[in-house]
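The structure's right below; bear with me while I get my questions together.
Every chain is named by a letter (A, B, C, D and E) in the order it is written, and numbering of its residues begins at 1.
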């Protein structure tokens, strides 16, 4: 038993053993097993951005078998993808690495007017495919807020009933929110709070910038230090029930190795629980991606 | 058995013993136990206004464990919060203090166009977490009126079936209602009436102002004394089935101690059943908040 | 057994004994028992117009216990109200006087754009509370026509299955209908026809005026006498399946005693089955209201 | 056993015996029993156009008992009406003549913006009332197309499960379709095809005109003879699965006897399966209506 | 056992034996049995374009019995059609050739504003009629994306539960997509990816053009060869999980024989799994259509 992991699980007291068990499984898998930190490989870009934009930089990645293999090799804690990608590999990888079924998705060809992912799979797909958790994207700020929150309300309950924890991608956007607002520190902290209040077991947000978007929040931030990524991550973690919920950070668009590594150091220093690294992993060549993932894990472990 | 409490419960004759029992529990808990008055600590501001605006004034309040502890220490009748906050503490506080699960919530990042809270948890969450009541916000005046009333119609029935009373936050807004109209005495009285007609067991409204908003109602108010808070509270209580339903009043934005105390005296004098005090409690330092809550209870008890 | 009542019930042959039994109960209660006529006391104005506009003229009427008592004292056939008012008194009055649960309601603070009442209670509330019928408002002419007709389709079937008849308030409005059109004789007759076609057991309409609203209907009315209220009522009753469905008429806004009485005489003369008298009863002092209700019943009985 | 009827029923091979049995009953009832032709009396005009416009020309028709009696007397194959009219007479006429419950209806007082009938009764009403089929109106061309097609998808399956065939009124309208387009030969043929593809057992359309509405279809019609009603009916029957589905034609607005008779001859000559005659029957005096219906049947029988 | 077929089925490992069995049945039927290639005859044009535009070029095609007979004679792998066409022939052809029930359809008379087919039949219709698969059209790019994806999410699961595979027609359109964009190579590849991610077992797309529509994708296509149909088909197959999902191509509007044959050669060369040939088959005379289908199969077999 890992003390670090059990301490984190203590914050989920009251949850049923099935959910606790799967959270424990996530944290006790891979290179970071037992550290209480996690790195997850998510591959929903084929759906969200299209196949060529996602996989042409590294063509073996067109194959759904590429990713879970990379996740296992690199020692990730879990692998997250939409239904089709999981279906194509579950018979081989279920039980090998925790699979996370992303149950809603958007594409870039057209949308319903305001940000709102489509429901694309269900909790019983996750069960059938041997998954350890479900993933769901909310877009706080969207005119379809109520539809999304009500959907995740039901999905979290359904997932819990069968022992599956829920991971929320909390990405504010829509309404009159500016592009800059989407990663503003107040907005990211607020999105994390909302995800926690909705009952998320794990929350994924983007690394916040120094910007404060909501006028009503500006005064509050006068005395909150948000000058460095470390400080901003600390504030986000605090906003996620004072550190009592697991918050992990995405890597964003593929970028140079040094920037990635610098971000990870900031997240670690600020008390973040880990990262979810997609394009920065699978859009590099296999060896580069593997090596980067291992370096990231080394930082978290260090 | 408290005579005051049993007299109030007499107004709920016809309700099942489960609901009566939980109402009795609410009124027989804390400092005001047995007086027929109640003070509830509600903490949904993290969801509604964001974490920094809510908790930065008193950073320990970021911790979901802070609030129920304050509620118990100060002798509140109950503690109300959204799903995440209740889940984080239910294993420790269920049975210790009546928990009220707020099953719908809004945030300040974006909305569906007209006021309408999102469904964020359910009656079976309330049961699972050992709660004693559910809370729900309606916005009379909103273009989504029908959706909200139909939702609470179903939720009240579902809650009753498992012995849980329903507390309605009745906040008129939306449509062509002015900001001033939202707290107009006719509007507050009307919102209280609607909540009661919808089957609320406890109604929460804001303290009304002297303003009368609906043109059609102006003539009726020519002969109704609404010059003082006491008179306005009396009118609202009368509008809530002539005092046969429990009506409590919110404190509104954090303000100076004297204003809070003065409001409480007015509510007490007008026959209000109590208060729901959030920001004025948890945005003060622990000791100040505790002391203010105790002073408020002393007034109701006095 | 009353011959008059059994003759009317003969028009409902094919209905189940539960529904027939409750219709018989309605017609065999109070002063008009056995006459085949009925006067019902409805009190939904607290919800529809607000408490002060409704009850300030006669403050004891704020108390939900006032109305069923008045209904019993005056010898009404039934008492109709929204959920909250019925819940407050059902334990005392169920079995004493037929209770009619109004399962949808509107308020005057705001609305969904086109007329459409919100669902505010359900058939199983009616059962739980010992009611003898349910009431539902349709607004023919509204852009939400299809929602309302589909709702009542389901509610009527659900109510029938548990032996409860359905009373439809048929008030045309919305779309491009003028205020004058709402009470035009062709519109009232059409609304009554629609309610009957939807399966209503009892239809409530407003007393029609001489106006004809639909251009397409003007030719048809050239040879239909509609100069007096008696003639118009006769036409409406004919439009309600040639007198084979019970049609009752509302009293409208409170007005002077003589006008009320004159209306009742017209309704009686035209073959109307009775009246539903709200504001004209409870907005008068107790004794005046009681005396007016008794006078109305005397006309129907005479 | 009638050879003509059994030959038609052969086109429905694969259907369950309940549905086949009710289709057989429809075709083996009345004057045209065994001929494979049918004349149905439909009376939904009270709902669709209002009572005075529908029944004032022949006041006995206000009585719901008038119509099924006329249908029996004249030897119709069936009687179709909305819920209220069927409920009023089912106890007398079920088993006497096939009853067809029209489960959706529109009125002329207002509508949802694009053509879409409201659901007004259900398959279990049809069962409860001893009906032999259900009727449903679709409006191809309407912006609410998807709602209507999905509704009938479910209703046809529900009806089949209890042995009831489905009759579709296929009336194209809405969107940018002109009044002239609604009866254009290409539109009528298309509407018939859609109804058949949706699984209708019997399709009802209006007699088509020579007009071709869809630009994309104009070329196709250069070589299709549509100069006479006979030719157009033949094309419509061909469009309804090459004659493998029963297609019947409505009579339209009441008109002079000779025009009606001429239409019927055209329909007969073109291979139409029969007519549905409403206003031309019940808006005439009883004797005239009866005599016209008999003449129509004589043509089909001849 | 065919090695080619079993190799393809290996990509569906994890699917239940019912689904695998029906996919095997599709691939082991007709002229191309055992080759891993397939040609399907789809006839939904009666619904989508109207009867005259579809069938007037070859009038025997009005008869629903014409098409499955042609499919069997020509050696197709399956026959796909909407409910009505399948119902008319299932009793004769179920078990003879795999039937594919198209469960949603559009028509050309009017629509809901953004592309979205109506649900027109259901999985239990497919079972009742002895079908081997269901077909469903998605329109990525449409404002109704979320409705369609959520529908197919549920239908795929329902179909799988009873052993039926799902074939997705993936046709991007709607929103601000240009006509040219609908067949752009990036859009077709993206649509194929989406269909696979949604869990489609077989994907049908149009043959792509050289155009690239999404600005964000232009850079990615600088290094992807898309100059010939062969190259574009190869890219689409790669985009469909690197060849691990069956992708077939439609023929489009009826055109001259040589163009059809040339397209087929390109699809074959690029690694496409087959074709779905409708208008090019049934809008020719019987003998011409038959001969063209046989020539197509000869290419795939060659």
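Just so it is clear, a contact is a pair of C-beta atoms (placed from the backbone, for glycine too) under 8 Å apart; a residue touches a chain by one contact, two chains touch by 3 or more.
Only a predicted model underlies this, so the values are computations on that prediction, with no experimental measurement involved.
The chains that touch both subunit C and subunit E are D.
For the copy pair subunit A and subunit C, the superposing rotation over Cα atoms measures out at 145 degrees to the nearest 5.
Under half of the residue numbers at the interface between copies subunit A and subunit E are found on both sides, making the touching surfaces mostly different.
Chain centres here are Cα means. That of subunit C falls 35 Å from that of subunit D.
Chain contacts: subunit B has no residue touching two or more partner chains.
Contact topology of the protein chains: cyclic, one closed ring where each chain has exactly two touching partners.
Put simply, subunit B touches subunit A in their complex at residues 46-47, 49-53, 56-57, 59, 62-64, 82-85, 87-88, 90-92, 105, 107-113, 116-122, 124-125, 129.
Taken in their complex, subunit E has these residues touching subunit A: 11, 13-15, 140-146, 148-150, 153-154, 157, 172, 174-177, 186-187, 189-194, 196-200, 214, 216-217, 220-221, 223-224, 235, 238-239, 241-242, 244-245.
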